[in-house]
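In this document, chain identifiers A, B, C, D, E and F correspond to the written order of the chains, with residue numbering beginning at 1 in each.
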Amino acid sequence: MKRLAFLTVIIIGILLLWAESDLPRFGDPDTPSRTYVAGEYLERSLEDTGTENVVTAILAGYRGFDTLGELTVVFTGFVAVTLLIRRGGRL
Amino acid sequence: MIESLIESLLLRYNYVMVVVLMLIGIYAIIAKSNLIKKIIGLNIFQTAILLFYISMADVVGGTAPIIEEGATDLVYVNPLPHTLMLTAIVVGVCTTAVGLALTVRIYENYGTIHEDEIPGVEA
Amino acid sequence: MTLLSNLPVLPVLVPLVSAVAALVSGWYDRRAARPIVILALALDCALAVLLLSSVVGGGPISYHLGGYAPPLGIEFAVDLLNAFVLAVVLPIMLLAVVFAGPTVGREVPAEKAVSFYVLLLLLATGICGMTLTGDIFNLYVFLEITSLAAYALIAAGREQRSLVASYRYMIMGSLSAGFILLGTAHLYVATGTLNMADLASRLATLYDSTLVHTAFAFFLVGLTIKTALFPLHLWLPGAYAYAPSPVSIVISTAVAKVSAYATLRVLFSVFTTAFIVEYFPITDVLLWLAAIAIIAGSVVAIAQTDVKKMLAYSSVSQMGYIMFGIGVADPVAMAGAVFQILGHAVAKGALFASVGSVIALGGPRDVRGLAGLAARMPVTAAVFAVGAASMIGIPGTAGFVSKFLLALGAVESGRWVFAGVILASSLLTAVYFWRVIEVSYFADEADPRLPAKEAPLSMIVPAALLAAACVLFGIAPDIPLSVIEPAVLLLLGGGP
Amino acid sequence: MIVLPPAAAYFLAAAVSPFLPRPLRRAVLVLAAAAGLSLVLLAPEGDGWRFTLQQGIELTLLAVDPVSRTVGSIFALVGLFCVIYTIDRDDPMLHAATCGYLGAAVGLVFSGDFFSLVVFWELMAIFSLLLIWNSDISGAGDAGMRYLYIHVFGGGCLIGGIALHLASGGPLTVGPVAGGAAALLLITGIGVNAAFIPLHTWVPDAYPKASVWSAVFLCILTTKSAVYVLARTGSGLEAVAWMGGIMCVYGAFYALLQDDIRGILSYSIISQVGLMTAAVGVGTPSAIDAAIAHLANDVAIKALLFMGAGAVILATGAHRLQELGGLARRMPLTAACCAAGGLAMAGVPPFGGFVSKGLVIAAVGEAIPALEILLLVGAAGTVLYVARFLYYVFLAGEPAPGPDEAPPSMIVPMVSLAVLCLVLGTLPDMVFDLLSRAAVHHAYAPSNVAGAFGIAGGALLVFVLAGGAFTPLGRDVPDLDALTRRAGAGFLGFCTGPVGTAADRIDAAAGAAATRAARFASNFQAGVVIAAAVLARPLIRRLPGGAERIRAIDRMRRQFPEVRAGRWDSQSGVLLIALMFLLFLVVYLVA
Amino acid sequence: MIWELNYAMFVFLIILAIAAITARDLIVAVVILAGYSLIMAVIWVEMNAVDVGFTEAAVGAGITTVLFIAAVSRTTRRSKD
Amino acid sequence: MEAAALSLAPAAAVGIPLAASILILASGRYPNIRESWTLIAAVATFLSVLSLAPQVLAGGQVGGPGIPFVGGLSLALRVDAAGLIFALTSSGLWILNSIYSIGYMRTLQEHDQTRFYCCFAVSIASVMGLAFSANIITMFLWYEILTVFTYPLVVHEGTPAAMRAGRKYIAYLLVSGVFFLFAAVTTYWLTGTLDFTPGGILSADAPPLLLSALFVAYLIAFAKAAWMPLHSWLPSAMVAPTPVSALLHAVAVVKAGVFGMVRTVGYVYGIDLTRALGMNLLLAAVAAATIILGSIFALRQDSLKKRLAYSTVSQLSYILLGLSLLSPAGIEGALMHIPFHAVMKITLFFCAGAVISTAGKEYISQMRGIGRTMPVTMAMFGIAAVGICGLPPVCGLVSKWFLLIGTAEAGLPLLTAVMIASAVLNAAYFFPIIHTAFFERSAADDAVREAPLAMLIPLVLTAAASVLFFFVPDLPFGRLAALAAAEITGVRY
């Protein structure tokens, strides 16, 4: 089993590495991810949200719903762990 | 051809790392029967993904995406993946917590944290 | 900002807020949780129906959360398909929660009732979010909410094997989420956007990129794990079988169906038909996998002696139908697949409800233990029979309609072998379901372990409603099909 | 006056009589028979009682012409005597069946369309079967079944022939059937009833096993009606004529070999019907008239002789020649009647048989001279077996002790029939007036009479001189049916044995396959692993440690289905995920 | 960005990852994992992802480790693989 | 084709038994009420079917409203001559069978009678639906429902043997259902419609191989017609209580298969296409083999019901044979054989059931002299048996007559020979029973112990009907058959 796992993992690695040659170079400034939406965030965030930290701006503003989701995840995790571990108590 | 491949990989060494770490994580999940080890493997796998995002956001000579007013010549790194990863980190922790809670319960019920020692639970 | 203008986001917020409310009120009185959950889900159902009717009447809705237009902000894109899925899934969740009442204290320890109900609501939140969102990262987030809730719910019961099942589900589910996240990353690198519609349009020029191919492989694996397509189904049988009965209903219907929906959405709305069918025929691989899933799922189900496990493997087989429709990828078969989302949900819900009420009331869980069920619990047995008929694809039940459409699709595209698979599978299905029907109706004497009398009303009514829906949609499939057919055309025609 | 079809009277009696008390029943039976006779005589010429059963089936139930009236009246008349013969018997089923049988025969005679012809034809078969079965003689059941087989076959051929006839545009009205296949089938069907060789074996098989009372009806109706139908539909075929010749000789020959008195008479039927068949086969009007005339005579003669034989059997309890003898002293009237019948059959003037047989031979001789010789041989044979019959039953030896003469209910019809035979001989015009084409007035031409006496005398001389050759044999002489019976038994055995076993085997194999599949499915994973391992056994053996692995596989096989094939846990789950991912990567990147 | 430093840190990461999954003592494994997370956080900060880096340091290396240690303490330290 | 007049009667014919099944279920605790529901429903169903007769006899058609189904298809009812034959037969005999069931089930004090009557009613409803189906998909719906709801009746006894037989039953019929679905789907794909249309909906444009394969699929789909080698479910199904064997496995279920083939040949393929493909010969070969083999297998059965079952196998193929002739007379004969065989065979089963329940004898070898103790029953048996052999004065002869003319019209003398041979074989397995019953003596006493009236009356009536239809075949089956044959062949015969 372990041998098979190792083999599989190695082959996947080789294939992935081969496939990733289409990825932009590390630190390439001209990737689509930079040129498309990211730039807009950087340009607009200050006037839209008034925060200097663009990450915070996105977190709280543009993608605030993700953050709500994140909070929900935490909430869920909390309730889940409670459900699993706690015996007795009110929950 | 091999040389060009190696050169291409050297230019993308971050992705190589991602792949390697990811696969270490997956290998751990497969090869280790210890439930906690599996979760450790999962963690490694997750951080590899995080690394992927962070490294793709980086720019040569870029700075952190905190706008400095007036400084027009600054190249900021892409802020969006950072945002996403903040969420992903929290998600990962929650998963880990649930997984560990399950492990604890399994230990309570079966007296072991090795999957191959748990009797009679076939898929 | 009126209430109605925020309609798309309400199905997500209502259960979320109610979850908090239920938690808080449950803190003071344990019994308060259930009414809140039922109310919240009933409200959510109403919202889903409202959403569906407004989509049917007014066309797709694009809702921009926080007022930020995509691709900057997150979009909730409601079209016929996801409104339909939501309208299917939420009522079943409501029924499951109603059903859950008598199981608390029996299958689920009474002291865990509050967190149990809260998690059910959170699960609903996740499901609604997954269904409605038009943003691929947001999909991941809601997927994780759904999954976390599901892991815990599966392990909520007294059945200790459910812990291991849940753990396995957790491992595979997290991997699946990781793969989806990686796929998202690749797509993001390639296009720079996370919005599904935007992705679809920007991907159109990138079909040659190995980046996109790798992304697709990541998504495919991630999504097939979630939909439990053979052979990535290994988490499923334990999870379905050892979960408390209401949870079995929920994850076998709501979670599974929404995962299937997510697969459809990603494959057809993000990668688009052009990519998966014409540019690179992955559909053939999917078809073969689906065919194997359909057959193998059934064959393994035959081998099961545990009824719930049998139902679980049956799900492997039946989810194969959905994948099959995706694989054929023509409007008819796709309509069949989407109809299967509905048909399988109601039928499997009915089956798990009927078996669940036996188990929850302390009855046995092996096939022989159901001997004489019809005499002791006639309604429960009848519900099982109807559900089984639908699984087999007896006409007059919902299962038949999807089978008909899928077979028609397969024949239309000249895939005779696969048409044969679809048809043969109903025979295999008959083998293991008939066994149960045989013992439950025609055994000489009832198994002593069976409950002495019929299950309480709050279990029977949801079960019977599901069975009735199964028959209704089998006789008048036109009702859902009038939504499904345009939805499918929209899906195949391009982005939402 | 509306005249019912005569058959109605009989059928009514058949339906009603079983439910009546005995005296009333007797009255009804005689009344019905009499009514039938009078209806036959009263029936107006032409087609009557026509209706449509269904689109395409127009029935004519009362088609009267001279030929049908002649045959109908002789059936009805002799039938009346036969009914009287059985009147003392208390057996509702017998009476019902006899009435039905008579009705069917008379109905057949007057049916003007093929459908009702078929109906009455088949009804005759059913009622005659009941008559055969209604017997205490051992073997009646089996003989009845054999009788049924061949008649159902014959009936089928008849319908088949008619169907072909109709399908090729022929009319439904009874008439000559043209066309190869249609005629062939039709004549085969008729041939069964007319006892064509080799379809004849049912006659000597069944008739001797029927009860005394049944036999008198059986011997007059089935074969004769077949000749009648042949005359209407398939006359004028030379092959048929030759068949008649063969039957004539064959029947006479076998009659000489019989010990059972009714066996002799049964073969005699074949022989006499052969004469008629030959004439019908010739098919000229005069030949047909002769055939019909002979038919009428033979009906009377056979009824008379079977009655006599029946009386003998009842009186003595024996039915084989060697058990009988000298009965002329004990049963003089019976003996006299039988003698009259025998002489008539032998064609001795002034009995009816003489007239009609002479006409038949003359008519046939006109058309096919060679055939005449056959018929003459047959006629000589007839004299021989009649002599043998009469001699060994009534003259030779001493009678066994027992009651004397038969009861009046039997004597009366016998005497009447004897008189009838005489009348038919002395007043031949009585019959021929019924037939429109009465063309024969020189029956009693001296040459004919001389010829008849010549044949009779010659044959008698042979009988006397070679007496030893004609003593009872003491055993049964096998006929063709020995073969067919064996074949039939073989066929039945084959059907119920090998075919059935094969079917059972197939069923069992299917069941076993299902069981196997179920066993396999009961542990599918392990099953697949074991199956794969077994298939790959040669490969595994070559691996290092192969023998050990093979042993492990065998162990798994033995333990199946309890054995587990590997662990299906998160480990394998994730491995499968990795493998699937690999597959997709390969598909996408390499392919 | 000094890519030689990056290389070095990456190699270190791999070693730590392998060590974390091979350590037989789970506490040791968890501590190694914490170290791994810290190094990762450093790399991220170095990649200009300051927020993420600090979050990872706090959550990944901090909370996660606590959770792991809690779990290990409630189960067993020894692992057979 | 004339526009179909709308009427509620077809829907009523289906709906009444369905409603009855619910009422039966509801009044399970009161046997008298329960049974009266059955009787009322039977009469009402028959009347509603009968009310359709005048219009159909006048050459018209009656339609009903449809429920839209998938892709432009709808679940719809339509009454034509062929369907009416089948429906009249089944609903008419249901009345008698209900009376008989009451007698039978009560005599044997059977268990689970509520389930029995309920499933019976649903089965009848599906037969009505099947007979009146306007298209293939509707027919399939009822076909499968029939399969499912007859299963509880087959395994009614609940013994291991019954369960085994039930498994076999369901296996065969579900497999056939799968082929049915395949055929329906393929037909829909080829034509875009599934409506039964005289003259057929398939066109010769499609590849002949596909059309031939499709025909074979249809043939397998109608395994309910019990043609060989797909017949073995039928003898197995004889473990069911006799009323089930009588009405369902001699009349309704098996005729559903045959009727399906009529629809296939006449209304899906059309006779021209069938002939062009040579499928008539295939059908004829299958039918001929079944006729002969079925009779041969019947010969070796000692169990009376099994012998009757094999007889049914053989007789059903008469209908297939007639159909395969594609000639007016052949099809007319085939269609007439549906009701005629029904009345005769149901009589035989009624008699068998009467003997089983009253005398407790189910093997022929035990039935020596039974004709003396149960004269009426066995006399009726005799009449019906004579009819099955195609002998007068029973209606079997009428249909056989047309079938034989059909073989002649089709120019297939071999089939004529098959019919003749079959008649002999029929006689070979039926008449020994008559002989055993009436002409052999039993050791036991001969006191008359007839079956209860509730059983006796139906069987006398069906026997009377068998004779009646000989004398008046036009009442109304002959006329209907002629109409249907004319519709199918386009030839007024």
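What we mean here is this: a contact is a pair of C-beta atoms (placed from the backbone, for glycine too) under 8 Å apart; a residue touches a chain by one contact, two chains touch by 3 or more.
Since we're looking at a predicted model, the values are computed, not measured.
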item	value
Chain pair with more C-beta contacts, B-D versus A-B	A-B
Far-end chain from chain F, centres as C-alpha averages	E
Geometric centre: closest chain by C-alpha means	F
Farthest chain (mean CA position) relative to chain A	D
Centroid spacing, where centroids are CA-atom means, of chain C and chain D in whole angstrom	74
Interchain centroid distance [CA atoms averaged], chain D/chain F, Å	33
Centre-to-centre distance between chain C and chain B (centres being mean Cα positions), rounded to whole Å	28
Gap in Å, rounded to a whole number, between the CA centres of chain E and chain D	104
For chain E, residues that touch 2 or more chains besides their own	1, 51-52
Where chain B touches two or more other chains, by residue	13-14, 20, 26-27, 29-31, 33, 38, 55-62, 65-66, 80-82, 84, 86-87, 90-91, 93-95, 97-98, 101-105, 115, 121-123
In chain A, residues with contacts to at least two other chains	1, 5, 9, 12, 16, 18-21, 23-24, 27, 31, 33-34, 37-38, 41, 53, 55, 63, 66, 69-70, 73, 76-77, 80-81, 84
Chain-to-chain touches, reported pairwise for every pair that qualifies	A-B, A-C, A-D, A-E, B-C, B-D, B-E, C-D, C-F, D-F
Contacting residues of chain A [partner chain D, same complex]	1, 4-5, 8-9, 11-12, 15-16, 18-19
Footprint of chain E on chain B - complex, ascending	13-14, 17, 20-21, 24-25, 27-28, 31-34, 36-37, 39-41, 43-44, 47, 50-51, 54-55, 57-66, 77, 81-82, 85-86, 89-90, 92-93, 96-97, 100-101, 103-104, 107, 113-114
Contact set on chain F toward chain C in their complex	67-71, 75, 137, 140-141, 144-145, 148, 152, 155, 158, 162-163, 166-167, 170-171, 174-175, 178-179, 181-182, 184-186, 188-189
Interface residues, chain A side, partner chain C - complex	16, 19-24, 31-38, 40-41, 44, 48, 61-66, 68-70, 72-73, 75-77, 79-84, 86-91
Residue ranges of chain B in contact with chain C within the complex	22, 26, 29, 35, 38, 42, 45-46, 49, 52-53, 56, 80-81, 84, 87-88, 91, 94-95, 98-99, 102-103, 105-106, 109-110, 115, 118, 120-123
